[in-house]
Amino acid sequence: MTTSTKSNSTTPNTSWRGDSAAIACLTFAVDAETPVLAAGRRYSSNAMAMSHQSYDMRRGLPRLLGILDEFSIRSTFFVPGFVAEMHPDAVSSIAEKGHEIAHHSYSHRPSTGLTPSQEREEFERGMEALSALDIHPVGYRAPMWAATWDTAELATEFGLKYDTSLMDDDRPYVISTGNGPLVELPPHWSLDDWEQYAYLPEPHLGNVIEPPEKALSVWTAELDGMREWGGLFQLTAHSFLSGRPGRAQNLRKLIETVLDRGDVEFRTGEELCAAALRDHSLDWRKQEPLEVSASAYPIW
Amino acid sequence: MTTSTKSNSTTPNTSWRGDSAAIACLTFAVDAETPVLAAGRRYSSNAMAMSHQSYDMRRGLPRLLGILDEFSIRSTFFVPGFVAEMHPDAVSSIAEKGHEIAHHSYSHRPSTGLTPSQEREEFERGMEALSALDIHPVGYRAPMWAATWDTAELATEFGLKYDTSLMDDDRPYVISTGNGPLVELPPHWSLDDWEQYAYLPEPHLGNVIEPPEKALSVWTAELDGMREWGGLFQLTAHSFLSGRPGRAQNLRKLIETVLDRGDVEFRTGEELCAAALRDHSLDWRKQEPLEVSASAYPIW
Amino acid sequence: MTTSTKSNSTTPNTSWRGDSAAIACLTFAVDAETPVLAAGRRYSSNAMAMSHQSYDMRRGLPRLLGILDEFSIRSTFFVPGFVAEMHPDAVSSIAEKGHEIAHHSYSHRPSTGLTPSQEREEFERGMEALSALDIHPVGYRAPMWAATWDTAELATEFGLKYDTSLMDDDRPYVISTGNGPLVELPPHWSLDDWEQYAYLPEPHLGNVIEPPEKALSVWTAELDGMREWGGLFQLTAHSFLSGRPGRAQNLRKLIETVLDRGDVEFRTGEELCAAALRDHSLDWRKQEPLEVSASAYPIW
Amino acid sequence: MTTSTKSNSTTPNTSWRGDSAAIACLTFAVDAETPVLAAGRRYSSNAMAMSHQSYDMRRGLPRLLGILDEFSIRSTFFVPGFVAEMHPDAVSSIAEKGHEIAHHSYSHRPSTGLTPSQEREEFERGMEALSALDIHPVGYRAPMWAATWDTAELATEFGLKYDTSLMDDDRPYVISTGNGPLVELPPHWSLDDWEQYAYLPEPHLGNVIEPPEKALSVWTAELDGMREWGGLFQLTAHSFLSGRPGRAQNLRKLIETVLDRGDVEFRTGEELCAAALRDHSLDWRKQEPLEVSASAYPIW
């Protein structure tokens, strides 16, 4: 990527994080049945695996919405189109509570395993499914964060304003695309609940059951690091995982920890996107994939 | 699933959990040699692997029965038919101590890998093996919780009243089957000892040896979550795993933790089944597997 | 196995553990290069993997011998024949310090992957290699504990008096073989350092690097359980793993913990073997492998 | 290896660690995109995986350089040639701050998977790439520490003075090669951040996200062990991993822990190399790969 900062803007410059030491953005992936089906349609016949995912809508999502209500925190929910079609009432209820809903593909199959036309179709069907619920997302997250080099162009082509899939920073930056700017809100595996909680042997979604207190230790360490360096603490929680009772209480503890720090504000993806565009000190970058020769890396 | 609550009952309504904040149900899988043999009959020639499982009957099961005796807690033991045939005295001794014995298939092979007629045969042979010991189960748990969409119908066809294999809730609910209601008592991977303790390289049964205190942390977090939201804390322990000395002491600590909370009662699966049928506020659901099109998920 | 206790002995009965609450037996596998070579002879060309194992003789083994010296604890060292041939001086030095050296196969390839004649050859070559150093073992441990149903007969045929490979108990018992009794001193994965410390990607020997304090937590929990139920706390440490500086200090902490308990004595395998034969209350068992029909487990 | 100590030197003998109980050597692998590309050139099309590695240059490396500045600690940075070519300014900035830059192959493909001529080419191209930045390394580390038996000869042939890939010791020693002595500074998996922090599913770089406090526990245990036995505490951190905010703070805690001990000095690889050559009590060894017969290990 080439990098520049956009200094010729006519609007007054304001920091994307205001006066806060860091910004906390709680995001939720409402994946429901999609991670199991993305492993193969045949798993729809596995009643247990499907029930493991159905927990999401029945208990996980409502419980986490309740926790956010306690603190009056607006958050961002990433919803695959398939989930919007299967569970329209539950998805609408998220929006009705005032949260942001963002685009998370249609089927939750990783883009890196799809053809370009399949990736485009996933954008299209995902938009249509949300649109049918009168939801008009401005943000996008690739399933499994598996963005391709086409993803940013596709996102802006579909009118989206920000993405949260790339891990090359720990604060917002702007990607210049052929269709205008796309704010990037970088996530990271260490700020995800999947690596701490996901366990399902078939299809294999994960093989760890860590104590909530361990997850809290990982996240709090990163929170305090972000406070030192002025970063974006963007947590990714999955409602079928973090919606379990003990883990939901742990999310509450995380929120309390953030509040106790006293120098961190909560923002949604949408709010961060707008704030990033007002901050002229942030990097504007062009995506320029690394050229790799067969001489350096002979194995394709 | 479609969901309703059964409001036209003529019996007075009583909460499935009475006045308790949550209910604790300690369940034990007495799998003995079956998990090794389910990986392949050839493993019967692996003396070490077989001895690893024989620990169950010789030390694990008696030790755990002793711990339960200390606290006068009645529990529920899931016994594969093969185990009942191989170890009739040990299995009978569980019943003689007043515990409930429930159906856990015949061979402990996951149903999701069997044909419908094989799954039926597993129900049949499992029932016969327990029946030969004059044990008449009312509950069922699929091996590895790997229930199919046929499992609920099969369970009621064989006269069983409850199942504990599906993970789409954290409190009891009722499945309406063609043969009458089946109470579901939802389990979860996080309330299992396998993910914390199972280690056997060949056949591969697991690759973790966590400290008992870590398992206790996972379970206690979930217990306290269940107390907040009125849930079912159903622990699944395996007597060949949790029957080891240090882990048995850890189970005792868990029981003491439950008792110390002061607002949690212990119940068996059978008792919970009856209580769930008396609670008209619980969901009654029909199993309606999700229709998944090849257009959404092309890979079978 | 059929079980009996040998009550017709003419010697006075004495408990195998005397007046102690439990017995601690520290055993060391001096595997050196063998686990890497057992994965394939080609790995001898991997200088890093070989050097990872050579640490054993250069630093690990001498350091652990020093720790044992500090406490004047006699221990049992399991040495593959190949190691005795390659490192005769180091192996002799173990014996010179008064420790017991026991048989650990020739090449450290798991018996369960060998033909019966190969398993016999492993016994033979292992005996010869120790014998060449004037070491005459009385105990045997199968590599990876992977004993077959032939192992006990082979052990007694080669004049060995005890084995420590089978996991169906947590105190000594006696196996009646065609060549006389074989005392079994049961090990367990949870009392091993491999599951906590082994990391080598190629050949894959393990993928965990746990803190020494975590290993100590696992072991101490089991120690205290053994004290409650009168068991055998038999630790298996590998000198190429536990011989690292921080882990060696952790072994010292474990020894101090055992000593602090005040009711646990240290014994070698050889001493335990003799004590077990003097205790007429211990089980005498015949090995009777489970008959498993193809009807119960159709998959070979 | 045969071992001797070089006692006939004419320079006065001084201990490689001076008066310190142990020496701490903080080393950093600046791998950037190379571990992903080493898994296959096709992964250059995976924008997320590539962005995960680009974090290195953008944030990880500068942050860690800042931490070292705080304590005025000179360290050693291992840089693959490909990284020097792609990111010349960032690499030069390391040298400008006074740190040592060492050779870390060209492409970060493990030598054990290459032909001898490929390994040679990796040395050559790596030297050229550094040389183009006017960097003239004296040390070498094999990617993944995967040294072959040719590596030491190649290193001295290319004029390098020390290597840090072999794990058969925990203090420096000297390898006698056909081109003169090569000091070996032994690393170990337990003193690496990869095993604690690396998580990337595709290409698979690792699957753990441990809390920084757990990594600190592993490293501190080894540090204290090294202090007891006079060893070399050589940490290997990866700037794309330990450069994350919470982990960078953890590195600061480690440095503070080292300083608090009061008896440990920091040294670079280059300084250690010189000190090792002045210490005549250190081992001088010839590399003599173990001869392994097909009779002992029939499987190639």
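Labels for the chains are A, B, C and D, by order of writing; each one numbers its residues from 1.
We adopt the following convention: contacts are C-beta pairs under 8 Å (C-beta built on N, C-alpha and C of every residue); 3 or more make two chains touch, one makes a residue touch a chain.
Chain-to-protein mapping (UniProt): A, B, C, D = Polysaccharide deacetylase.
None of these values were measured; they are calculated from a predicted model.
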{"item": "Length of the shortest touching-chain route, chain C through to chain D", "value": "1"}
{"item": "Interface numbering overlap (same over half, different under half) for chain A and chain D", "value": "different"}
{"item": "Farthest chain relative to chain B (centres taken as mean CA coordinates)", "value": "D"}
{"item": "Inter-chain centre distance, chain A versus chain D - centres from mean C-alpha coordinates, in Å", "value": "35"}
{"item": "Chain A and chain C, separation of their C-alpha mean positions in angstrom", "value": "50"}
{"item": "Sequence positions of chain A contacting 2 or more other chains", "value": "none"}
{"item": "Residues of chain B defined as touching chain A within the complex", "value": "1, 110, 112, 142, 144-149, 151, 165-170, 186, 188-190, 192, 195-196, 214, 217-218, 221-226, 228-229, 231, 287, 289-290, 292, 294, 296-300"}
{"item": "Of chain A, residues touching chain B in the complex", "value": "33, 37-38, 40-42, 44-48, 50-52, 54-55, 58-59, 63, 82, 86, 106-107, 109, 197, 199-202, 207-213, 244-250"}
